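Here it is, the structure, as structure tokens.
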Amino acid sequence: MARKSSLIGERFIGLLTPLLLLGLWEAAARMGLIDARFFPPPSSIVHTFGALVASGELWTNLVASLRRLFLGMLLGGVPALFLGLAMGISKPLRAAIDPLISATYPIPKSAILPLVLLIFGLGEMSKVVMVALGAFYPILINTVMGVANIDKIYLDVGHNYRASRWQVFRTIALPGALPSIMAGVKLAMGMGLILIAISEMVAASDGIGYMIWNAWQVLTVDTMYVGLLVIALLGFVFSVILDEIERMLIPWKAKA
Amino acid sequence: MARKSSLIGERFIGLLTPLLLLGLWEAAARMGLIDARFFPPPSSIVHTFGALVASGELWTNLVASLRRLFLGMLLGGVPALFLGLAMGISKPLRAAIDPLISATYPIPKSAILPLVLLIFGLGEMSKVVMVALGAFYPILINTVMGVANIDKIYLDVGHNYRASRWQVFRTIALPGALPSIMAGVKLAMGMGLILIAISEMVAASDGIGYMIWNAWQVLTVDTMYVGLLVIALLGFVFSVILDEIERMLIPWKAKA
Amino acid sequence: ADKVKVGINNVVSDVVFHLGLERGIFAAEGLDVELIAFDSGPKMVAPLGAGQIDVGAGASSAGLYNAAARGINIKVVADKGSTPVHYDYMPLMVRKELVDSGKVKTVADLKGMRVGSVGPGAATNAKMAHLLAKAGLGYKDVNHTYIGYPQQIAAFTTGAIDAAISTEPSVTQAVNNGVAVRFVVDGYPNQQVAVLLYGGDFIAKRRDVAQRFMNAYVKSARIFNDATAGGKFDGKGADEVIKTIMRTTGLKDAELFKTMIPNGIDPDGKVDTQSMAEDLKFFTENGYLERPAKVSDVVDTSFADATLKALGPYKAAQH
Amino acid sequence: MAVVSMLNVKPSPAASAPPVQISMRGVRKYFGSSGFVAVDGIDLDIPQGQFFVIVGPSGCGKTTLLRMLAGLESVSEGTMKLNRTDPSRPENSMIFQGDSLFPWMTVYDNAAYGLRMRGVAEKDVAESVKLWLERIGLYRFRDRYPNQLSGGMRQRVSIVRAFANDPEILLMDEPFSALDEQNKMLLHEELLRIWEATKKTVVFITHSVDEAVTLGDRIMIMTANPGREKAIIDVPFARPRNVLELRHDPAYGDLVFHIWEQLRDEVQRARMNAEGGK
Amino acid sequence: MAVVSMLNVKPSPAASAPPVQISMRGVRKYFGSSGFVAVDGIDLDIPQGQFFVIVGPSGCGKTTLLRMLAGLESVSEGTMKLNRTDPSRPENSMIFQGDSLFPWMTVYDNAAYGLRMRGVAEKDVAESVKLWLERIGLYRFRDRYPNQLSGGMRQRVSIVRAFANDPEILLMDEPFSALDEQNKMLLHEELLRIWEATKKTVVFITHSVDEAVTLGDRIMIMTANPGREKAIIDVPFARPRNVLELRHDPAYGDLVFHIWEQLRDEVQRARMNAEGGK
């Protein structure tokens, strides 16, 4: 009981802060403290939001982006998870792949977008691949770190009970690294949203990124903010969902 | 002794893999398996690299980017570290700020670049801020997770010895979360490199990002690859440096 | 000297600014000009409206009208890139394979094909609509895909797009690479594509500086016209102009300029309001505008007019 | 506040009786949403300077009680008061059951932790830590990290950490369980000497009835889960005690046997419970 | 390979002597770059089915030796061989000193770990785990996570984990140290019963000389750091032993006293070393 109500309390505080900031923004825009031409008051953005919802435009774009996002998260996240677990357990593998990771990770995804387009075409695949690229690295890096940080005694136990590599993966590396992996997934989800927006700026005809970019091109500022707002909301919703999943996956922390 | 030589061995394997991949690329480009107009063989990229080094162009751009990168990392990383430690320790603070973080993190930095320019001007500051934005989130998220994951007994010890909030920060939260923070710094460094490249595409007249973008505009593909290569090298070098720093900062793991 | 900040895109047609700097034309007018590169025109609108830059090398686009509607005071004050006959630096390109195989013989054959364009609300889209209309097709009779100019070459290579209104130097590179051909040249003459923009504050508070900037700009434009007489980079002083272009854009291949088509830029700075009106109709019909607009909302020719009065009309250089 | 001053004016029952340092009334502890009762209604007064020992079957709530005393666990019901006598010293220091050394600090830094948290000058820290590490035979391991120590050595470091801090109340949760009997005996003697010199209040958890009788003034035997007070026994032996001689006293054997029997009943009851619950 | 067959053909000294299960020759262990010597030259043969006990002062290298036996620590010098007699069963299972339960598994899953790793059918796992958890009085806590258990309860779960796995060799590192004496005694009896029924080879580390003499066939006393063999003592008491009756045997007292004395010397020597090193 106590836990439940404090959880609700926390959610409440969590909603309060953004609302407060939005209120400040509204006031500042109305009082002319910030340039309303570029930072229109939230009320006017909400208005445009309503219009875009009504026209169905927002929904179409949202669905298109979400599809790409989920496919991309899967395509990038699953290999990252397994490779990360393997690298966390095996030192030689880690030594072989680490430099490759650190060298390819910082390559700006926006700069190689043309190359991605060249390889994967202008269709859906290139966008999914961009998201996958973004999701891959945070999950990989956090998984490796999470596994490497598991108390050595647990691996000793695993070896003593002759757990196979796969069993060590499943019973020790994965659950032991789970909190860290979840942080990686959160980072990856954010990166995925960023990259979906970037890649939908090229060769797309729908999606939230397309909507934002489109709005910048023709300077319909309110629509652009609606796009940003939608991404922010997605980020918030996904993080709540991920928190919930984390609570379920990590019961030994929750029940403490 | 044994540790040292195995370290060198690891570094060696770590260099082998990328070299192998480059060799494959070279062969494929020469045999026409890939389109050499867009994927020129590494040898030709190296050649252009030499020319750009000789002309001093590369050096100027590199220095400009590095400066922005370091300032941005500081500007984003230090607050992220402190806020992250605070959020890790204090549940209410975390509840208040978490949703804000998860909502603002996925906002595509490239989409708000014009707004950043509007607020921070067209000079260096806006580029530094972009890097800072990129560095902020991974460090924050990983720090929070790292602190939240510290074994509760250590916090109990801290409270029992009446450590002040600041002392708990310094003696427990910080060292306990350090492995996770370092993973965050690695992610942040990569993000910083990505964002420096993006932000140098606007209102800059030097920097590696500027160089890449410029090269795309006029399709001097080799120069573009040199830019990407330099970023990759930077990523690699930074990760080696960060690994070394980690080894120094986390002696209790290294000596085990 | 008066400081003037100018936003540019580092494209070939920006050479007028570099000429003005290099040859001391701005300095002679008592101006200290700083060039600031942007990766796209739309990113310039906010800094221009907020007075962070004074002058912008922008495009005639739907965004201009929307900006005006939002109270962002930006004015088109002179031509920066237009397509008089022989100066069509933005031709309709078609994938070479389609032309060679005879699949595409006329514009009408593009029906249902994939056409690349640089972005929504751009003047090039109006041009595409114009060309399609001449062939009896509607704008929506082809599939539009947004993709930047340099990427269009890659897209042609992989067959991802079949046609596009592209620009130099990408056009020449695509032709030289053998992936696309100039399919329609001079199909929509005298379109106003790139424009010189002044920020509202620059116009209102620094009129005198703005006028001097215009004087210098037109002088530079005339040098460019001399060098590109007849739509080729072989007029008077062309070699120097080419060098400037190569130095400032990073283009490494001098050969390109043999076949590259220069952009038009009116030697008197005149804006082609007629084509702008036609393009505005296209923007309106396709729903790019938030509110109805008129060309006169965004054009202010007073500076160019005054410069013309002061300098007298352009006389083509003798070769 | 009012409570404290009331305590102060109240006439002491015996003229020389020391003031109550720890007082519990109806202390209960439930865990989690299941409402599992770990500690069930403890009433207890521990006078200042007493060596108080708690014994009881595994899982009966000893650690939970001690953690509530240290303020590390909330009290679900009832009241628990710690009265200060010397506010200049830290209130209490706990020796935790199991590993609690910071893995990221060397032996030295772990031992110095409490003093540093109180802002003691580094010179005094060094002196005190050196003294304690030498007493416990670990000074030459001062630069090691905990993962380079054996289990017994780690336990000794955590003893140093608490003692060096010089608190009013020492809370010790099976501090000697991972030690060999000889080290244990040496530490018993050491502990008694220090305690007799400083007259700290000590609350000491152990499973060893010998240890309880050797060290304690008073012993509380707890019932198996849920943990209640089963009996409180006064240890009659005079101080200072000689650890070895004590064992030859027949009264010693009787007392040990008496406590032992009570404990055995509890353990058996606990077994019954466990099987009843299956 | 050759070594094993040689061992097999060698005529046994006594006709019925069981084969050697564990054999060590000059086993040494250095740690890290400093070359700290933890274990220094152990020669030892442990026959199949023997209950072998190791005692020694804290930090003398007992755990290190056991970890080398389990293959968790490399042998720096010398050879160490474990000969299998029944390849269908797991070679060895270790009860680790201190906490080693997986925090992310319930009591039940922790206990079932070894069996599951061997791919035993879930039905058989359930049966065996239930049996063991009941024996040790924790079946009703089967759905708890380790952080919801007391220290002693955690230790009992890790005992179940090893026993349920039914290995040829049991390696036990102070398995009963966090237990109350009554539980300890019950477990002693249980352990002896099982051992007598199954005749597993057991290597058992303890600090309690009583425990060593009660349980063991043979006891190795180790020297203080660096750990060497100080003495090996045969325990003469007949089997099956009654844990309580044994203590009334005067020979029992003598043996305990004898071992105790040797240990005291070592602990004192260790103290000297530590102080010499300051």
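We just call them A, B, C, D and E in the order they show up, numbering each chain from 1.
Assume contacts are C-beta pairs under 8 Å (C-beta built on N, C-alpha and C of every residue); 3 or more make two chains touch, one makes a residue touch a chain.
Small disclaimer: the values here were computed from a predicted structure and weren't measured.
*Asks:* Work out which chains are contact partners of both subunit B and subunit C.
*Replies:* A
*Asks:* If you check the contacts of subunit A and subunit C, which chains show up for both?
*Replies:* In this structure, the chains that contact subunit C and also subunit A are B.
*Asks:* Report the inter-chain centroid distance for subunit A and subunit D in whole angstrom, where each centroid is the mean of the CA atoms.
*Replies:* Their C-alpha centroids are separated by 49 Å.
*Asks:* How many Å are there between the centre of subunit C and the centre of subunit E, using C-alpha atoms for each centre?
*Replies:* Using C-alpha averages as centres, the distance is 84 Å.
*Asks:* Among the residues of subunit A, which are close enough to touch at least two other chains?
*Replies:* Residue numbers touching two or more other chains: 35, 38, 114-115, 118, 152, 201, 213, 216, 255-256.
*Asks:* Give the residues of subunit E touching no fewer than two other chains, as numbers and ranges.
*Replies:* 32, 98-99, 147-148
*Asks:* On subunit C, where are the residues touching two or more other chains?
*Replies:* 42-43, 45-46, 50, 150, 154, 157 - these are the residues of subunit C that touch more than one other chain.
*Asks:* Spell out the part of subunit A that touches subunit E in their complex, as residue ranges.
*Replies:* 153-154, 156-164, 167, 171-172, 175-176, 178, 250-252, 255-256
*Asks:* Taking the complex as given, what residues does subunit B use to touch subunit A?
*Replies:* 9-11, 13-18, 21, 35, 38-39, 91-92, 95-112, 114-115, 118, 137-138, 141-142, 144-145, 148-149, 152, 179-180, 182-183, 186-187, 189-195, 197-198, 209, 212-213, 216, 224, 227-228, 231-236, 238-240, 256
*Asks:* Which residues of subunit B touch subunit C in the complex?
*Replies:* The contact residues of subunit B facing subunit C are 35, 37-38, 113-115, 117-118, 121-122, 201-205, 210, 213-220, 223.
*Asks:* Show me the residue ranges of subunit E that touch subunit A in the complex, using the header's touch definition.
*Replies:* 67, 70-72, 90-94, 96, 98-100, 102-105, 113-114, 117-118, 145-148, 165
*Asks:* Quick one: which bits of subunit D touch subunit E in the complex? Just the residue numbers, please.
*Replies:* So the residues of subunit D in touch with subunit E come to 31-32, 55-60, 62-63, 97-99, 134, 137-141, 148-153, 156, 174, 177-184, 186, 207-209, 260, 263-264, 266-268, 270-271, 273-275, 277-278.
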